[in-house]
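Chain nomenclature is as follows: A, B and C, assigned in order of appearance, with residue numbering initiated at 1 for each chain independently.
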């Protein structure tokens, strides 16, 4: 391992040196109506962290995709500018007797996430640990699920949190990564068999029973997530990841169709069983029925989109607080996309979506260039988990699908989510690194 | 009036933020486009073959360690000099195994060798479908199937 | 093979991102305006809560509504409850109604009438500046009309037939909206008190009240039949005298004349038939005209559709009036000839608003064109001390436009003469004579009019109606057209006609008779 240059990455990261401090200054000027850029420590810290991540990737000799980090860093930059401009006294974390603002807390988590990413990108060279112990990973995931069920704390009707002292932790984020690893391992091994022989149930061709069973198991686990965490968003995400990976491995649309039908059936049961789910679905159908109570957040988000218009209210000039309260309580997490769309307008929201798409396509490209099936499936799964998560929350914000409480990757406030997202990018960098290195060896060989 | 000046300045800064954001996006799209073109080239090059075996372990260095052997649809593996994949190893039979590409996937079938054929460490007794990334062990030689 | 599937997957993902983008375009651009004006929009509420709101003045500059911001809460005061239905209220709790709602964005200053300024204000995020409104209504006439109604339930609408300017718009009973437009803490109690009151004070009877019109509809029947050439002013129907005694049998159903009292049955033509208000005559006219043409003319007069006071962009909605049963927001075809014949004298399923009736009278006065009504005369920059009157800087003024021709000018003249006879003719003065303005101290002026006594079924006292305009001797002179309804007021001549006459006379005294 020796240092490598990553010139494209550096070039794409450099504009952040202006972008993030500019965002901090603009919001401060807009909010105070004075020509004072305000405190810059968090902005400088953030830019420093991202440049540091770049240097660290060079030092550990990662030759992986050079667009991933700048993509993520720009998204995170927009996020931290938004978090910094929100009323800080309302949200934030108390830890070790010090009160951290939201942006500061988020910056700390960025630090943790980036470290994890660099570690994986640099040290993770042999995927055997993931591949050969896939059942162990599946067991670990199930265990986490059980722990959440037993010790989880309920927030907004969904049991998602485990608290270790003052630090809250969402096991769903870890389970997501573990799930991807397990499915990738399983499908890479059984792919040819799943794609080949098949039995038929009605109009659907299904894989033979021995191969069907683990898939049913995964389905049941996903449905368990709904029951345990009562969280429709996570269930939708898990199911989406599973079906997408199944499609990529086998190329069979009928499996996906069958899965979707089963999911709809399951959701229907959940709708009738859980009031929490029912409220969300009813709100989705018409939030204006009860705009001041149950439909409140959805309606407020729609107003935020409406206020934004084409060019936005202007950074720092949107999100009117009503007697010191944010119009949307879950704004920093579930509705950060609406906040960006309000202040930066349609063009700002498009920019954010474009960044996510760039990230997704780079991830898929990594999958296509991977030298072996497991790496390819892993890259697909990891990428899709980021892409689908964005789609589900963004579509929920704009009322295309029922709103669910999941985060916008790299932009939303939240430590567990941020860490999981950086772990994903770290793994993608590692996979990408290996295919680049292999291709070079091969090139030298010929 | 100073308020008005401040508002205009703020507007300029806000537009600057958006402009910078789009400048970054242009940078991304240029990188993406350039990459797409080169990716097409590499893909055209690599799609001419249906797969290759890269040699992970080879005590006698025949095949050479680290080398990649391009595969045809039907490959014989053995100590026989005329084998598609010739392995110079005492633990390998003359015609040890057949590696064939049928339909959409690779299959390996042992040809009654003395020491057997292993896939990912398991000895096989019938034709087995392979995925890219699977490891074959024939004699003391370990090879990985890659695309 | 994985590579192929990944490529397919990327297409699906692209489609998904495209649909999210499409939804964004919908909310942020296409539907943004609709969202921005919704009453439950927090921004609408916030500006209403804490920002100064423009004042409203009558046509003479008397203050009708004004706001003061105290302790960060904008409190609104209305000076005259007689204007409540028209102005509406702007409440933090209950949203806004009336003019307050239709003009909300300019009153608060969220929108500037000058598009360039509006854009600049928006881009530079300037603090909104309120604007003031001036109405076409003179408070003196409005108050006078309200006083005439007294404690009776009903409505008075007066329009300048030449311009469509609304001169009075009174709905009784009314209420004081200051209570629930002011302090949100005490708003609920004030609101509940009104909501719980008898006779539904919230209803603006002038534009939302639906009433059977009775005989005043004969003006429409006559206008339509004359214009279509179905009758002339000299047309008579042979069997009239007999039918006036025995009843007119249509499809086996007998239509009976109302009590003609002192008048003996005779072979009347248009003018005397309108004077005695013969149901039999107008039933014949309606049948002569036919269902299709009747509906067509009703629509030309504005029936069967939602109208607005003001423009389509910014105006107060008027409930549609109907000549037959309601169907899909318009009028259904007449079921049979019985319904058509009954509708021709204002019974059956006919259901009208006082505003529509005033427009009908104004149409006859306005050479046969339906005036486009408006009630906000101009928009001005905000007066710092509203009690001292509006500023002189008019930012925008409004008018009603030329109006839509419904019947020819010649036919309008024939109907006008018949309506003058209905008030001043030898038989007519026994009925609508009570609406003659000369009885209220105005001389040298003829009055055109028609009374109506709308039967409501057994046990219920009929509604009392009057429509009219003055001066009527020359269509060019007519400066006021009125419609008056007194709910359960009995005969038209007894209750509504004197109110109509008095209101018209009061207006002529205020502005002069115009020579």
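Everything that follows uses one rule, which is that contacts are C-beta pairs under 8 Å (C-beta built on N, C-alpha and C of every residue); 3 or more make two chains touch, one makes a residue touch a chain.
No experiment lies behind these values; they were computed from the predicted model shown.
Across B-C and A-C, it is A-C that has more C-beta pairs touching. If each chain is reduced to the average of its C-alpha atoms, the one that sits nearest the average of all protein C-alpha atoms is A. In this assembly, the C-alpha centroid of subunit A lies 28 Å from the C-alpha centroid of subunit B. Work out the mean CA point of subunit B and of subunit C, and you get 79 Å between them. Averaged C-alpha coordinates put the centre of subunit A at 58 Å from the centre of subunit C. Multi-chain contact residues of subunit B, defined as those touching 2 or more other chains: 10-11, 104. Those residues of subunit C in touch with two or more other chains are numbered 1, 125. Shared contact sites, meaning residues of subunit A that touch two or more other chains, fall at 30, 195, 314, 317, 361, 373, 376. On the side of subunit A, the complex with subunit C involves touching residues 30, 195, 244, 247-249, 251, 288, 291-292, 299-300, 302-303, 305-310, 313-314, 317, 320, 322, 327, 341, 345-346, 349-350, 353, 356-357, 360-361, 364, 367-368, 373, 376-377, 380, 384, 387, 391, 394-395, 398-400. Those residues of subunit A that touch subunit B in the shared complex are 8, 11-12, 15-16, 18-19, 22-23, 25-26, 29-30, 33-35, 66-67, 70-71, 74, 78, 188-189, 191-193, 195-196, 311-312, 314-317, 344, 347-348, 351, 354-355, 358, 361, 365, 369, 371-376, 438-439, 441-442, 445. Those residues of subunit C lying in contact with subunit B across their complex are 1, 123-126. On the side of subunit C, the complex with subunit A involves touching residues 1-10, 13-14, 16-17, 19-21, 23-29, 31-32, 35-36, 38, 40-43, 46, 125. Chain contact summary for the complex, subunit B toward subunit A: residues 3, 6, 9-11, 13-14, 16-18, 20-25, 27-29, 31-32, 35, 39, 42, 52, 54, 66-68, 103-105, 129-134, 144-147.
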